[in-house]
Every structure is written in structure tokens, then in C-alpha cells.
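Alright, structures below, take your time with them.
Both complexes below contain chain A, partnered by chain B and then by chain C.
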Partner chain A sequence: MGLELSIFIDYGPRILVGFWLTIKIVVLAIAIGLPLGVFLALARRSRLALLRFAATAFIEVFRNTPFIIQVFLIYYVLPFYGLRLPAEQVGVLALAAFGSAYFAEVIRGGIEAMPAGQLESAHAIGMSETQAMRYVVLPQAVGVILPPLTNQMLSLIKESAILSTITVQEMTMTALRIQGETFRPFEAFIMIALLYWLLNEVVAIGMRRLERGLTRKTPRSTTLKVEGGR
Partner chain B sequence: MSRDAKFLELIEITTKFDTLTALDKVSLTVAKGEVVCIIGPSGCGKSTLLRTVNWLAPPNAGTVRLEGQSVGQAPERRQTGRGIRALNTFRARMGMVFQQFNTWPHLTALENVTRAQVVVLGRSAAEAAERARAALCDVGLADKIDDWPEMLSGGQKQRLAIARALAMDPSLMLLDEPTSALDPELVSGVLAVLKSLAEKGMTMLIVTHELGFAAQVADRVVFMEAGRIVEEGPTSQDLHAPKTERLKDFLAKLTATQMPSAMAQKVVAHDPI
Partner chain C sequence: MKFDISYTFDALPRLFEGALVTLQISLLGIALSLCLATGLTLVREATGWTWAHRMLAVYISFIRGTPLLVQIFLIFYVSPVIGLDIGPFLAGILAITLNSAAFVVEILRGGLASVPKGQFEAARALGLNGWVLWGKVILPQTFIASVPALVNEYTQVLKATALLSTITIVELMRVSQQIYTRNYHPVEVLTGTFLMYFVMCFAVSRAAAQLETRMKRRQA
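After this line comes the complex of A and B, so read on.
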């Protein structure tokens, strides 16, 4: 089966329209999911049992069920309760919720990787839990959190393809349509595979830059090293 | 006078870790300006007792009072809202120094000393920096202001940790084996700083294994074993003429392993073994 180059030229613009929607959806999902993830990570460490339980339940539900089922549940079940949202909005919310569960676990892992003495010394000098996190623990944990956080972002971007199943006209949906019209699956899917790859590379490079920028200030070895004289 | 005599009070502190009783109805009173050294074998509860003072290790029962005000009263409800804010105010008044230093590696020496002044005490950046420079000068780190903790030796890190605590202008210092994690040649610098603090009249509660140091600076020595205070008295009496067999044994064991300072020889001379 040869490559039909005209498909790229004829259908490329439509794919790019779908690509733009994919970008908008994942950017919004990360913009909502990341703060939500930070909140969930801190809520899981809260003194309030109810908050701790709610956060844990949320994380466990979204981490342990298939994303496609989550999307179906939100898209088809919410209208029964009077909440009818456009497919794009459901897509953003579902991706944000799914992403936040993983972000929360990565952030919690980073916080817990810090030596206990760091949090303790912040408390001992009179800092509240929030101040201790903000000024002592999180700035150090960032170096540990960023690499796995990037991984989670990349998988969130790829999961956005699932939104094609609820009629969101994003990139995968567009490719499926083109494939149906042209019977040229190879051209249609190779185009979007390359564009997903491109998007992920851009995000990965951006995150690596951010990581270097944030950790350059301090000697690199300090991030995870447990202090000790001997 | 009585207010000064009862500057810090620990009343019937009982702490349990699962089935282990770390502290068993321990009471201790420290007067203003007094230097009290707590000694005892590892696992005797001395660090737990120190960490009870600022409620880092909340006990199962007992009360801690600073200048007559309750720092914590166990068993009480979980520390939230107003309770935790009041506790943080007390903590800011008690400088704590840890065995493992716990300097903050993402901040320079100066920032280590200014951060809590700004965040907790609400001092301006300029005011905090001025106080920090003075504190770093006091501990002999005037030339290390812009260094990262990573670049400092263990002894310098510990002196940085002391400066961080001092810059808060605490009314009490809690020191948990401040020299135990240091190479022997770095110990003296840290002890010299603590000694000068004691001479300036700082109230200090020190958990230590340095008997020579205790003999020099402590007004009182408290000997603990198995979660209880076994012997407590003026330094000269405790270290030179222990009343209990347990303290005699402990001193003999400790002096056998430590460098034979003049102090240690005295202890050995008094020891029948």
C-alpha cells in the first residue's frame, strides 16, 4: 500500500483544526488539573479526617478505573441529573479530574521524599502547615516532582484521544472521519501520530527547561540529599 | 521571682509509642536563665522530653507551661484553628536545634536565617536581614552569608541552624544532641557558641553526651533512664558525686569512651569501679 501524498495536502488543514482543539482541551485540562492535584495532595495530608477521606476517595476512583469509562459516565450519566454539558466541556473536566488524581500522587510522593527533619524544623520555628509547605518543603520537592509530573502530562495528552468516543471533534475524531471518507487509514493516522508526538516533545522540552531553570539556582545535589555530618 | 523560677514547667508528662512508654509521668521545671543538660542512655526518652516542650511530640498526658501559660495540655483535641496558631506563637519563642541540623538546602545561609523572621514574625526583609547578619556574626559565620548550606561543614551547618533559631529572639533554646552528628574536630566550635549563649543568660535545655561540656555550662544535670528522671541535681553534685548506682554506671561507661578531659578524670576518680 503506497503513500497517497495528496491526502496530506487535501486533509492536512482539517487535521490541523482538530489538532488545535486537542491543544486547547489539554491545556485547559492541565490548567485545571494541576492546581486540583496540588490541592488533593495537600488534602490527603490534612488534619481533617473528612477532607483526607474525600481526597483519597477521589484519587482512588480516578486512578483505578479506565479513562474511557470515566468519560462515558460523566457524558451519559450527568444529563440524568440535569447537568447537560457540551462534549468539549465534559472532555476537559474528565481529563482534568483524571490528570489531577495522578498529579496528586506524584506531588504527594515528592513531598514525602523530603527528609522529615525539613518539615519538622519549619514547624519548630513556628511556621503553620501551609507556610512550612510553601517556604520549606515544596521548593525542595519541585526537583523531585517535575520529571514524573511531565510523564503524567504526556499520558494525559495521549488520553485526550479517547474523547473522540463522545463526539469531541479533536484530532483523533478528525482522523477517524477522514479515514471513513477516504479509506486511507495509514495517511490519516500517521498524520495525527506525528502531531501527538510533536506536541509531547514540545511539552517535554518545555518541562525540562523549567526543571533546569528551577534547580539551577541551588547546587543540584541538594535536592534529595539527607543532611548529616558524618 | 517565683515566676522566673517556674519559667518552663513540664508537669507529669506521659508519652506512649504503641506499647512502649517513652515518658512515664516526668516533671521538670526550668528557671529563667538556667542551663539544664539532660543525659542518659539512648532510648531513655530524653529527646522525646525535649520535643514535648514545643509539642513536636505531643504527649498522651501532661501539661507544658511557659511563663505560666499553657503551651499544650494532653490529652486535648487535635491542634486546629486557634489552637495551632497559639502553639505556633509559642514555638516561635522556643529556638530548636536538631542533631541533624535540618538547615534548608534550597536557601542561602542568609535566607535560612531570614525566612522565618519574615514569614512567622512579620519582620520586614531589611529588618530580618540585619538581625540575620548579627546572628550569623554571633556564631562565627559572618563570611558565609551567601553560601549554600551544602558548601558548609557539619559544624558550620549546625552553627547556621543555631543562628536561624537565635534570629527569632527566642526566650528559650532547645538543643537535641547538637554535636552528636559532628566529626570530633568540629564539636568544639559548636560548643563554644553554646557556651557564650549560656554566659549571656539564655535559658537552655540541652540533650547531650558531652559530659565535659555539661560540666562547664550546666547549672543542673538531669539523668534519665527508661522514661523517668532517675537523678537530678546541681551539675557538680550529679557528675562528681552521683547518688544512684545507675548514674554511676552510666558516667563510667560514657567516660570510658570519651576523651579523658579533666572533667572525665574527675568522674572516674570518684567512681569506685
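After this line comes the complex of A and C, so read on.
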């Protein structure tokens, strides 16, 4: 069987609608997951043992289970306790919870990679707390945190494909439907694979630019490795 | 509705069987991935085939830039269309292997970078080259340096196998779906499954962390 190019033209618009939903879901999940991740990272360093334990447990549980089962469990648990949400919102919540656990580890790593002497020296030359943070600690921390943070965002794009299993009409679900209607799996899946790839590269290049603009000449001391999903 | 833990306990024996399948598939997957990645590493580091290097770069970028689920669907749904009737099990193993190998190649690159240059020079000075140089001198050191990262990669593969439930492979995730579509108690059954994945992955990632600190101490 040859390549049926008309599939790309006939079904392209529907795929793009799914693509748009994928982007919306990921952006929302990052918008919720990143602040939650900051909170978890700080909670894990808290002096309150209970808070520390709760944050650690949350992070470890979400990092050590497959995303697909987190999605299913959240999908069934919410109505079990009387909370009925559309699949799309369940998907955003699941992706945000999953992302926050990894974001937390990236941020914690960034804070811990900072030598204590940096803050102390800043105080020694007469900087206030906010000045020290603004001019010494943060510019360096950004250089350490941004690359793994970018990886984490990219992995959320990829994990969002799994939301198709709970009937969210994102890009992968759309392709599954189209292959069911046309019996043209190659065209359907290669189309979305290329779009995911494109999105991945665009975000990666954009974040690298941002990183260069923000960090300027500060040397990158450590690179963190925190692995996200697939 | 109330959480009825007896459904979790009832499901346990079958979930254990599912977990066993998950372990088998994931071990097979990581083993094949390691073999493939070793071959690809040799192509990248020990040959001057620029066209192969370019293809390898595209392969790694594609795998890392697209969802594993889409890769699984591509292989599973497309293989019969092009006349390869390989069935869900082979398609799943193939997808996991191709996916993981792209990450293992990068791990081995890191391991190789930690092998001192003097090792190459000393081996060449002794007249070793080709298979002996790589097989007896360089690769063993590369593997040892990569062990913690490889164990970590295994947790990724372990988690990835859950996606094979979508192409009807009866592993842990699929078994739990089979159970709760029959007894209508998804929360209780999935909780058991969830805990099983957690125990497996947490044990392996703890082992990886410990290996890493132990190896750092040895180097110091």
C-alpha cells in the first residue's frame, strides 16, 4: 500500500484541533503544576516533620508509578468521592499532579546546588536579603534549574498523549479515531508524531534562548538530572 | 460508596501474576535495549560512517521528541498494514526496546566520557585495536560507570510497560482493568495495582540511588 496523501489534507484540520487541545492541556497543567512543585520543594525542606513527610510521600509516589495508572486512578477516584468533572479537566489535574512531583525535584536540586557561601558572601558585602536573592542566588539558580525544567515540560507534552486513554479528545485520541475510520494507521500516527516532534523542538529551542538571555555570563556549575516520563 | 478493601485483597493473586508478566517484559525490554544501544554506541564511537551517525541522531531526536504511546501505536497498527504480522507482544517489546535504546545510548555516552583517555592510549600502545580494544578494555569500564543510570533507566522501562495495556498485552495494568470491568470496583482494584507498581519502582530507584553514592565514594 502506498502513502495516501489525501488523508493529510482531509484529516489535517481535525488533527490540528486535537493539537490545540494538547497544547491547552499542557499549558494549564504547567500553570498549576509549577507553583505546586515550588510549594512541594519548599515543603520537603520544611522544619515541620509532618509537612516534610507529606511532601516527600507525594513526590515519591508520583515519581514511582506509571502515569497511565495515576490517570485512571484519579479518573475513577474523583467521582467515587462525589466530584464529577469532565475528562478534560481530570486530565489537566492528573498531568499537573504528575508534573509537580518532578518540578519539585528539579527546584529542590537547584536550591541545594547553590553553595551556602554565595548567600553569606552577599551578606558580607552588605547586601540585604532581597538584594542577595535578586542579584546573587536567583541568577545562578536559574541557570541550574532551567535546563531540567525544560526537559520536564517537554515530558509533559509527551505524557499528555496518555490522556487519550480516558477519552480526552487530544491529538493522540484524534489520530486513533481517524485510523479507525480510514484504516490508514501510518498516515494518522506519523502525522501526530511529526507534530509532537515539532512542538518538542520549538519548545526546546525557545527555552534554550530564554536560558541564554537570562543567565548571560554566569557559569553553569552543575547540571541536574531528573528524569521525567516518556 | 465506601472503599471496600476486600475487593483489593480478592484481586491480589491475579495482580501478582500480572506483576510477574510486567517484570518479565520489562527485563526483556531493558536487556534488548542494552544490546541495541551498545551496538549503536560502537557505530557512533568506533566508526567513521557519517551517514550512520546522522541517522542515529535523527532516531534519537525522534524517539525523545514523540510520546512512547504514539510510538507503540505506530508499530502495533502499522506493522500488519505493511505485511508484518508480528502481534501485540512483539510489537510492544519492539516499541519499548527502540524507545529505551535511544535513552541508553545517551547513558552510555556519559559512561564512555568517564573512561580516561589514557585507557585508549595505553591499549593502543599495547597493540590492541578493534574488538579487543572495545570489548575488553573500553566497554567494560563504560558499563561499570553507567550502572546507576542504567538501573534508573530500568524503572523507566518498568513504568513504560504499563502502556502496553493499550495494545492488549495482559500485564499488570491490563489485568487490573480486566478485574474491575467485571466487578465494577475500579478504585479498590486500581489502588492495589498502584501500590504494586510503587513497591517495584521504589525498590529499584532506591537501589539505583544507593549504587550511585557507593560508586561516588569508591571514586573519591
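Convention: the second predicted complex is superposed on the first by the 195 of 230 C-alpha atoms of A that agree within 3 Å, B and C clash if a C-alpha of one lies under 4 Å from a C-alpha of the other, contacts with A are read in each partner's own complex, and residues count from 1 in each chain.
One rule holds in what follows: a contact is a pair of C-beta atoms (placed from the backbone, for glycine too) under 8 Å apart; a residue touches a chain by one contact, two chains touch by 3 or more.
What you see is a predicted model, and the numbers here were worked out from it, not measured in a lab.
In the superposition on chain A, A:72 makes contact with chain C only, while chain B stays out of contact range. Judged by the touch definition given at the top, the superposed model places A:64 against chain C, while chain B stays out of reach. Once the two complexes are overlaid on the shared chain, A:127 sits against chain B while remaining clear of chain C. In the superposition on chain A, A:162 makes contact with chain C only, while chain B stays out of contact range.
Using the contact criterion defined above for the overlaid structures, shared-chain residue A:192 touches chain C, although it does not reach chain B. Put chain B and chain C next to each other and count what each touches on chain A; the higher total goes to C. Within the superposed three-chain model, A:149 lies out of touch with both chain B and chain C [touch as defined at top]. Of the two partner chains placed by superposition, only chain C is touched by A:179; chain B is not.
Overlap of the chain B and chain C interfaces on chain A comprises residues 227, 229-230.
Only residues 1, 3, 61-62, 64-71, 73-74, 77-78, 81-82, 99, 152, 155-156, 159-163, 165-166, 173, 186-187, 190-191, 193-194, 197-198, 201-202, 205 of chain C touch chain A when the two sit together in their complex. Listing the residues of chain A that touch chain C in their complex gives 1, 60-61, 63-70, 72-73, 76-77, 80, 154, 157-162, 164-165, 172, 175-176, 179, 183, 185-186, 189-190, 192-193, 196-197, 200-201, 227, 229-230.
Per the touch definition, chain B reaches chain A in the complex via residues 54, 56, 78-80, 84-85, 88-89, 91-96, 98, 100-106, 115-116, 119-121, 148-151, 153-155, 157-158, 161, 164-165, 168, 181-183, 186. Contacts from chain A toward chain B in the complex involve residues 47-48, 115, 117-118, 120-129, 131, 135-136, 139-140, 217-219, 221-223, 225-230.
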